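Structure, as structure tokens:
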Amino acid sequence: MQIRLVKKADIGTRRQTLIFLAAIFLALFTTGLFILFLGLNPIRVYISMINGAFGSAYRLEQTFVNAIPLIITSLGIAIAFRMKFWNIGAEGQIIMGAFFASYVALNHSDLSRPVLLSIMFLAGFIGGAIWGFIPAFFKAKWGTNETIITLMMNYVALKWIIYLQFGPWKDPSALGFPKIPNFAENAILPKLFGLHIGWIIALILVVLVYIFMNRSKKGFEIAVIGESINTARYAGINIFRTIILAMVLSGGICGIVGMIQTSGVNLTLSKEITGGVGYTAIITAWLGALKPHWIVLVSVLFAALIQGSSYIQSAFGLSAASAQLFQAIILFFVLGSEFFARYKVIFDWKSLSKAKEDRE
Amino acid sequence: MITVAFLKAAIIAGTPLLFATLGEIITEKAGNLNLGVEGMMLMGAVIGFQMGYSSNSPLLALIFAALAGGIGAFIYAFLTVSLRANQVVSGLALTIFGTGFAGFVGQKLVGLKMTDEFNDFFRELKIPGLGDIPYFGEILFNHDMFVYLGFITAIILGLYLYKTGRGLNLRAVGENPAAADAASVRITRYKYIHILIGGALCGLGGAYLSLVYVPVWQENITAGRGWIAVALVIFSAWNPYRAIFGAYLFGGLDIIGFRLQGTGIAISQYVFDMVPYVVTIIILVIVSLRKDKRNAPPKSLGEPYFREER
Amino acid sequence: MKNGSAYVSMRDITKIFGTVKATDNMNLDVTKGEIHALLGENGAGKSTLMNMLSGIYIPDSGHIFIDNKENRFTSPRDAIKAGVGMIHQHFKLVEVLTALDNILLGYNVGLFVNKRIQKEQINKIMEKFQLDVDLDKYVFDMSVGEKQTLEILKTLYRGARILILDEPTAVLTPQETVKLFKIMRRMKNQDCSVIFISHKMNEVMEIADRVTVLRKGRTIDTLIKENSNPQELTELMVGRPVDLSIKRIDKLTDKVVFKVRNLRADNEEKVEVLKGINFEMYQGEILGVAGIAGSGQKELCEALAGLYPIKEGEISFKGEDLAGKNPKEFITRGISMSFIPEDRLGMGLVANMDMVDNILLKQYHKSKGFLVKRKPAAEKAKEIIQKLDVITPGVHHPIKNLSGGNIQKVLLGRELDSHPELLITAYPVRGLDINTCLKIYDILNEEKKKGVSILYIAEDLDSLLGLCDRIMVISNGEVTGIVDARKATKEQLGLMMLGNKEVDNAD
């Protein structure tokens, strides 16, 4: 038998969505087998996951609380990825954003709430931006591999927070327990409709990033650089500046997440501040095809997945790791499915019989 | 600080890095950037440990560790070679998968220990003659068999790449698959085989951590070593011989903080924990200053190949 | 000739890419010991057809017979086994390997390679066909001509009896072309079949025995060269009568608009590649630049567009010195460059983007504000398709899927559309079919009439002599002379290209 690939004509959004859904379904099916193998009923597990994610007002709220950082971080990552700048340092950028925002929160709690929160917001952006700027500078100047640098910087940032938490920033009133003091009331994000206003920030950012990437000149330049540096040069694009700008934005947006998480969810800084969002958001950004509107959808679904799986952990005795496995499997299937949107596979049985003849 | 014991320990700490680096070199030589090293190491580590614990057979443990890494690599190869998925994201997905997998399987293994009989398999073997040279003997020729194995693998890989016809074909696949294809090299086969071997080596690197280096099971046992290995590939300019040096150097960095603490220097342990990562960054930046055609990455690295695409 | 006597026979071959029918029931017969030319406009399906014969593409339907035996190739490997070797439009060589390694590639999988024996074998082949390749040289150090000879040697080493050359001369100097033709004749005498694709009619008339004409994915006719002529072939190709002469219009003014003084530049290895270039250009003239490939044309082009760092010198445009300014400032002053590199994509165009975005690339910074405007770019795209007959399914089709010639039309169309005052164009007709070439000459003349100064870099002496007002010859980074194109001869230019300072054409 001979397997032949034939390029498809560009297929419509509907077909594409269909293929995407098919991939998700297959992923669910595969994990289902896995769950079955563990001696559990997959249908029941899935149902209680849905229940855990959407089953009550509180759970729904938790799902959205999880979705907010995912959406924003994915947006930041999408900007970098559009430029084929493989920023896998969102984790570190979030942490640095959180660190800068916390510095302001812990030292200037005497400011009025709107002022303090605004400064924290800015500080968060700057913290992330600095962490995005460093790899971008090296990349733009000397072509230094950004993937590894951004990743290494995650570890540096994390170790830094651990150092603070166990050292200079340790709360003296916590009876030796290594934690950083809680924020003052002034430094905490207000709520709207029962949810901290991070969701408003997220929605505004979705619109802004959408416009930036699809309609703005800078966004266009970023896409051109992503496709071909040479061509960008010919078109007179300032490559150095554009790479830096893209990464300052990318890192800065992730930094905002750090501010939101400290001030809206954790109420202080800790080494668990990201909850792995920086990595999960790489998945959601990719699954959302780097498009802001899709990112929102995918992030909410993923947040539900995370929320749902933490709910079933106790109910079925599954570990946190199983949620991670689940996510990876979904990603595998969607990654693989893109192929079927681009190519048609033809199984050519004729050549099978012919090959046989040849052998005879 | 630079004592015989330290240098020896650096080599030991560098051995898992060496395996992983070699694995990634051979993968990248086939034109595939597999960022799943961390994941494959974890898969190898946990399966090796599980197998070793339940069978009490070091050999089985190693075989299964290699298989586990290979299976991880297979998923990656299927996605990127057959289905032409984006390599960066597929590799990341593999890392996430491996982390989850290790966490899942390892949950029941936390705190377990191997039997003495098992550990005896990995005892230090002094090489007769060489092992008795003052200083060098102790540093280089008095190790467990894993260390020697890593060293030998690097040499074999170097010979394979630069001296054999298949090695030549492999390099061509990574440089210019279209040219290799037109010259009748079977691209898909070459990519698969070398990605799988690469994965198996990463799996072995992980197993060294869980079986010999630590050797109890702990969550996230690799602690970013997979990523350092990816950096080491760049550092060693895709050359297996240089990878030996690089891996041992980073092995030294890995333990330096711990060693320094013993000397009573008053810097927080957490700051020292940053050292390997910061040094990796600095070294990568320095390496990127050197521009030489012969040190360049394989040209088609990261790009899918489809004959009819242009 | 009858089907029965054909050595290679392709029957009813159809290949579809997405929505594009690249070949539509094509037929081709080639006999032993003949040089068979394939002629067709850009996008006619020549490369696609040959790629199917060499196993790169798999036909959707149709049959391929070699020596009366049907073959179903699924990879180049199968085709090589059947004796088919192809030299592609873009070379398929591994740059970081030596010539020898490139030849051995994929061919030798014994444990360790015994290079000595292989070398002897290769040397024998080189003798037989009188090829000259330095086996230990790295490909990245080779000239285009050397690479091509290496490609031929590579296919011969694999025992090719059928050699396909896809536009081999597009990137060669006249001298290299002469050499190539010798090799081709030798192969013919050895009873090989040679299939030759070219857009240059004079070459086809010189070397081919028979010619098959393709048009829009279909086989039109196969003719014996002796019984045909360029006019007839072109008409078959295009499908209607065409006038083949190049027109020249007189230049309008004597106003100098562009002046280059003592321009020097180093390349990355710190070797001086431009060694004090001096020239000036009048408004509304076409100044040709002739030279052997790699004499500094590319660097000159880029330097004049602000893209190449210059060491010293003056580039003055309407009295303003632009040396050291950034590329955007060159663009805003109306200096536009289109460089058609040997590898067409990669510079100037974004392969994965559609026509609209590629046109936008030169427009977006002119509009005010923060946002880009795609509407006008889409309009322009449609205009260019109209004006230059670009064959494409639509303005939103990724550029990379167009045929080489059509990609080039998009690039040129875009550059002209920016209404430059100085147009630098390098190899604008490289790889284009005659009809399109003529169209492009017309367009250049049109621009000239409007008062645009055009720097026209080309390797084809006929077009230089026919189109330009003056020709500047460069050799090894130096100007060896500027001559009046109406009076110059090919021989004179040839000598100057080799480094002889201004030669009299008195004899």
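By written order: A, B and C. Residues from 1 in each chain.
Methods note: contacts are C-beta pairs under 8 Å (C-beta built on N, C-alpha and C of every residue); 3 or more make two chains touch, one makes a residue touch a chain.
In this text, all values refer to a predicted model and were calculated from it rather than measured experimentally.
For this structure, the chains sharing the highest number of C-beta contacts are A-B. Relative to subunit B, the most remote chain by averaged C-alpha coordinates is C. Once the centre of each chain is set as its mean CA position, subunit A and subunit B turn out to be 27 Å apart. Remark: subunit A and subunit C have CA centroids separated by 45 Å (rounded to whole angstrom). Residue positions of subunit C touching 2 or more other chains: 17.
Subunit B has residues 308 in contact with two or more other chains. For subunit A, the set of residues touching two or more other chains reads 7. Those residues of subunit A whose C-beta lies close enough to touch subunit B in the complex are 5, 7, 86, 88, 138, 142-145, 147-149, 151-153, 155-156, 159-160, 162-163, 166-167, 279, 282-283, 286, 319-329, 331-332, 335-336, 338-339, 342-343.
For subunit A in complex with subunit C, the residues that touch the partner chain are 2, 4, 6-10, 211, 215-217, 220, 223-224, 227-228, 230-231, 233-236, 238, 351, 354.
Within the complex formed with subunit A, the subunit B residues making contact are 35, 75, 78-79, 82-86, 88-90, 92-94, 96-97, 99-104, 106-107, 224, 227, 230-231, 234, 268, 270-271, 273-274, 277-278, 280-281, 284-285, 287-289, 306, 308-309. Those residues of subunit C that touch subunit A in the shared complex are 16-19, 58, 60, 72, 74, 307, 326-328, 330-331, 337, 339, 346-353, 357, 360-362, 364-365, 370-372, 397. Remark: subunit B residues 163-166, 168-169, 171-172, 175-176, 178-186, 293-294, 296, 299, 307-308, 310 touch subunit C in the complex.
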